[in-house]
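By letter and in written order, the chains are A, B and C; residue numbering begins at 1 in each of them.
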């Protein structure tokens, strides 16, 4: 029983990280029609930004504070990079979706290579606040505390994004734009500003996932963005392109399935089960669990 | 009803000159030229597929176009859609294109452009929209969606309204309701109306522009055109009256 | 001579010239590290030719039929890994191993394609990505120790024909790669100009129209899929012979993306584009490392030196520039860098697919 509880919570923790990445991907695709392969790079930017800042805050004693400031820096950096990427690389290619996708591919490769060039391809250890390394006893299971952080963060981000989509004007524009971009233009609204905003939001969420992944894995490495990205894509498709709620549900399903299958099956079974799940969903319901309504 | 003919010296509100549109390999609009005078309703007529909707979309910049379009003297031939609309042009698309996932109220709110959007006017004309304000637009009937699409365009003080087949697919009772709404709308703003239902055209249009195979083949008084049965048959392929 | 004759004479002469390379001991400084017939240079040239061919197999899917696949590397990897496993872990002979891999190269894409081609556009792209991931995961999982997991294992040399073993025989491998490239080119050319081939291009242009004409697009797409995957598997076998053993890198998503880059770099859906892109990319990937180590670059300030010494960074940036300024690739530069037809058509089919996937809920008809 305690194993089951442990698996469930760690599965939710994994799902939490998938959600953070998938949410941005889903909105970007839903609104702009761009399959953003560079999203993993945004995660890497967040991860390395957090790590770098933490390393350099030698004056501050509290590791928690260093982590928080590091994460804030990483997130700001992620937002900035994402926004600039949209303005410089994506916007000029307006309406040319294939080229936009290709450009993100090039960016993913060049960006990861750049990070590798600067800090090396090997993973670097990450100094984690001690509490996150300890465990809490839940129904007999010893749950690593960082899972709580991830789950809480994802939940907060989900709520904030929902509030943003439902209560703000830009949220309204984005929800409408996911449905029918040209009609939004025909209402006199310049959707392109929403594009940059959505990219920046995606950058924030991905960078946040990066900061969290440093803790989850205890290290920072250049390829983490790419490896997590593939699962995030799967989550997005299963949940339904453009649907935030769909991504949320799908991340939970994928995270849990992966954990259970990896334990009750064998190592590697988790990934295969997830992929089979994708195949089944695509054949039975190509629109994904929720179709595309950006809520 | 036909109003008095506009004074000849007045500048047209919308002037279209030599408009060409290619969709894929197809040369859909082959040099369309016409004017829309200020005030009243100008009907854009023609058989299915001649390019009426394409013309409207081209005016708004929703497709690539070549040629000259000027609105109130300003050249909008190459302007992006949102800038064109911000010059006070409203659009009621052929398939209504309301946002199904948003509520009626949200659809209207999204359309707000002016400092003082005219909600009272819209709800006055379409009381059902007030009733259904919190309902998702996707669950509305076709007629209600049409009202939402019209109301959305009325919210702002537009100088020109581009209305594409507002009575398409509606039951006769609703057609009358829409026609009545259009009459009131025409009192407030200039309208360029694409419409296959000739009874509606007869009721509210002043001028008519007829397209055939991507070109303008007739321009003139709407009532005069519709009274000429042969011409109507030749250009529009129907024998007058409503469509089936 | 007529144009048609030129189109045959010129490439044929090129092939003959390439065939003679192992006999030429000329030195081309800066371009190559050693004389043309040195094993190192021949190895590089062989890789270039090989990937020219593999890129063309990908172009068949992407540039000609309009199928955006992110998992083409999977079939290549099947060729690499199963040959190595059969020879080294199962101790089969060379002949039986080849037959086995050939059978796999036909059966696997048929089965996988039949299922995954039921969806199109983005959904299909995701399925192919997922399939490739399965391959990557299985390799790392190392079932029964067959795949070697994350470390490479060496192919059992004893099982290979002598002609392909040993540094001195690099020229044989070079010729093998040349044969592969020529064979792929001829097969693809023949396939594309045949009647199923024309239907592939029609599918890329407008799948609905093909369907309306009573032809079943699914059947033709499957044909293109199986042919291109089989040829990729064959390429995998050649690749294995050129290397000491299989490595997990060939199963990575990065690797398929590399193929995509090769195709776009050269020019998607053109006669020579993909091949040119494959050759050029492989060459650059190999040689840019040397540029990075050169004294000129090492002398630059750190801000410039660090990125410039990383070949993938240069290639990624180059790719971005190509996409921006010459989406038709190098062959497209001849047509002033306009967007290639293949891309335009793939774009509109993806947009149609997107409209379907993200369509809002249907409304009830009027009757208020």
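FYI, contacts are C-beta pairs under 8 Å (C-beta built on N, C-alpha and C of every residue); 3 or more make two chains touch, one makes a residue touch a chain.
These figures come from a predicted structure and were not determined experimentally.
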item	value
Chain nearest the global centroid, as defined over all protein CA atoms shown	A
Pair of chains ranked first by number of touching C-beta pairs	A-C
Mean-CA-position distance for chain C and chain A (Å)	30
Chain B and chain C, separation of their C-alpha mean positions in angstrom	52
Chain centre separation in whole Å, for chain B relative to chain A (CA means)	44
Sequence positions of chain A contacting 2 or more other chains	179-180, 293
Residue numbers of chain C (touch at least two other chains)	360-361
Chain B: positions in contact with at least two other chains	99-101
Touching residues (chain side chain B, partner chain A) in the complex	60, 62, 80-82, 85-86, 91, 93, 97, 99-102, 106, 109-111, 113, 152
Residue ranges of chain A touching chain B (in the complex, touch as defined)	172-173, 175-176, 179-180, 182-191, 293-295
Touching residues (chain side chain A, partner chain C) in the complex	29-30, 33, 35, 37, 89, 92-93, 96-99, 102-103, 105-114, 116-118, 178-180, 226, 230, 233-234, 237, 241-242, 266-268, 271-272, 275, 278-279, 282-283, 286-287, 291-293
Chain A-touching residues of chain C, taken from the complex the two chains share	115-116, 118-119, 122-123, 125-127, 129-131, 133-134, 137-138, 140-141, 253-254, 257, 260-261, 264, 306-307, 309-313, 315-317, 319-320, 323-324, 327, 339, 343, 346-347, 350-351, 354, 357-361
